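I've put the structures underneath this note.
Okay, so subunit A shows up in both of these, paired with subunit B first and subunit C after.
Coming up: the complex of A and B.
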């Protein structure tokens, strides 16, 4: 199967780099889904908390940034994988 | 990657700079090294100028420095470490400003390279914080007590330690420094690549046909992203500082 594919598409190197490019695109796209939902939910809840209790806004904001930092790390690891695969 | 209609530079062109002093030695100097020196000089001179004449009613640089120290003390240390952490304010303030200055060079004309978009400095920072919070934990709880309070958190059913201990070990001693370094590095690298993408786009459209109606769009996006990068530079410095404070504060006070 693979030699035939290689004959159609060109050399094996082309196939590998094409696979790398496709994998990179999927890697970042998939890695962005979870953290996107997570950060949206997190910030939404924080805004709700701040609106309900404006005097606690400072504390909520600090915790919100902490939560964003932890959630965002997953998307960033996906981004690094994207760079590593795509090159 | 030759099928792009637009000639986009490979990422190695965006972040790698040739050494121009002491090449082929461990002390080679390139643009990144100069940016670190710039950030060092900026941080030092900011605090030396701000603290030179201590007026009762602060003005100018002193005002800026005092309000930023206040911001670190009230916004970071008091929120995460409490009163015991007040002795960490000088360290965290200088950490914040050094990271901020190495980030902000990404949008300063002529430099336009965030030094933290190279993995070197984020790793040094992360390893520094890692060593610090372990040392603080050992100092406050003793080597045995610290490892026990991290690996065997109280209030967990005995049987669950089979599951909890490996997770705590990985997340505290391995994932923490890794995610600290990667967060800083990847945010800055992503911002740098975004700026380059829209810069290349605007330049290519301009070269193709200056009268195109679409020309302002990538350019406006570039201006918008430059403003966004200021926010990112500040936010990443803030997040790094606050995480450092949380880790050190967590090592000071065992969970109960």
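Coming up: the complex of A and C.
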């Protein structure tokens, strides 16, 4: 498989750089999935809390906003790894 | 029959309050990051660090604006705005970095490190000033100093 790919892509260096780019892309995609699930769960629970207890909505929104930002930090770390490895 | 559940959230927006406070706290910190970038990587490092700080602050402000806007319409829209906003903001950061990555002044290491350090650092710093109580849902009120005569 690899020799065939090397034949198609040209030199081995091309293959290595292509593999690096593909790997970095996968890493970024995988790094974005986890926070996506986390934010979905977080916001879903927050909306439920606000609907059940409207007087606490301000407090819940504050916690939700900070939670989203903290969760998003994980995706940002994945993005930074992506730009440093393969962009 | 009165509505048993809330469909929209009127009133003050704690997200906007927190995002503005994050920006206010970032302004004195940004020159330090730029200086570190300049010491480590020269002019390119300084510009890259400044650009990263700018991206993080725009990201916070955009997140707060989206949530504030959608909460005034409906809770369901707020949920959608939070999820779509996440993808949208990640896409914007991606585009903002891809557009400048080949520019001469961009150094990827200070850009990436400043992105993470600014984002996480500001958030941890902000948690010290957040009240999240029923009386003060957003930021903690400033302490009232006792009158000097008492």
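Here is the rule we go by: the second predicted complex is superposed on the first by the 78 of 87 C-alpha atoms of A that agree within 3 Å, B and C clash if a C-alpha of one lies under 4 Å from a C-alpha of the other, contacts with A are read in each partner's own complex, and residues count from 1 in each chain.
Quick note on the criterion: contacts are C-beta pairs under 8 Å (C-beta built on N, C-alpha and C of every residue); 3 or more make two chains touch, one makes a residue touch a chain.
Everything numeric here is computed off the predicted structure, so don't read it as measured data.
Put subunit B and subunit C onto subunit A via the superposition and say whether they clash or fit.
Aligned on subunit A, subunit C clashes with subunit B.
Have a look at where A:66 lands relative to subunit B and subunit C in the superposition and call it first, second, both or neither.
Both partners, subunit B and subunit C.
Is A:84 touching anything from subunit B or subunit C once the two structures are fitted on A? First, second, both or neither.
Second partner only.
Quick one: classify A:19 as touching subunit B (first), subunit C (second), both or neither.
The answer is neither, since A:19 touches no partner chain.
Does subunit C touch more residues of subunit A than subunit B does, or is it the other way round?
Higher number of touched subunit A residues: C.
Tell me the contact category for A:57 with respect to subunit B and subunit C: first, second, both or neither.
second
Identify the partner contact of A:29: answer first if only subunit B is touched, second if only subunit C is, both if each is, neither if none is.
Once the two structures are laid over each other on A, A:29 reaches no partner at all.
Quick check on the superposed pair: does A:44 touch subunit B, subunit C, both, or neither? Answer first, second, both or neither.
It touches subunit C, and subunit B stays clear.
In the overlay, one of 38-46, 146-154, 218-226 or 236-244 from subunit B clashes with subunit C and the rest don't. Which one?
Clashing stretch: 236-244.
Looking at subunit A, which of its residues have contacts with both subunit B and subunit C?
58-59, 62, 65-66, 68-70, 72-73, 76-77, 79-80, 83, 87
Residues of subunit B touching subunit A in their complex?
Residue list for subunit B touching subunit A: 1, 10-12, 75-76, 79-80, 179, 182-183, 185-187, 189-190, 235, 238-239, 242-243, 246.
Which of the residues in subunit A come into contact with subunit B in the complex?
Touch list, subunit A to subunit B: 17, 21, 58-59, 62, 65-66, 68-70, 72-73, 76-77, 79-80, 83, 87.
Within the complex, which stretch of subunit A touches subunit C?
Counting only subunit A, the residues touching subunit C are 32, 35-36, 39-40, 43-44, 47, 50-52, 54-59, 61-66, 68-70, 72-73, 75-77, 79-80, 83-84, 87.
If you look only at subunit C, which of its residues touch subunit A in the complex?
On the subunit C side, the touching residues are 5-6, 9, 11-15, 18-19, 59-60, 63-64, 67, 71, 75-76, 78-79, 82-83, 86-87, 89-90, 93-94, 97-98, 101, 108-109, 111-113, 115-116, 119-120, 123, 126-127, 130-134, 137-138.
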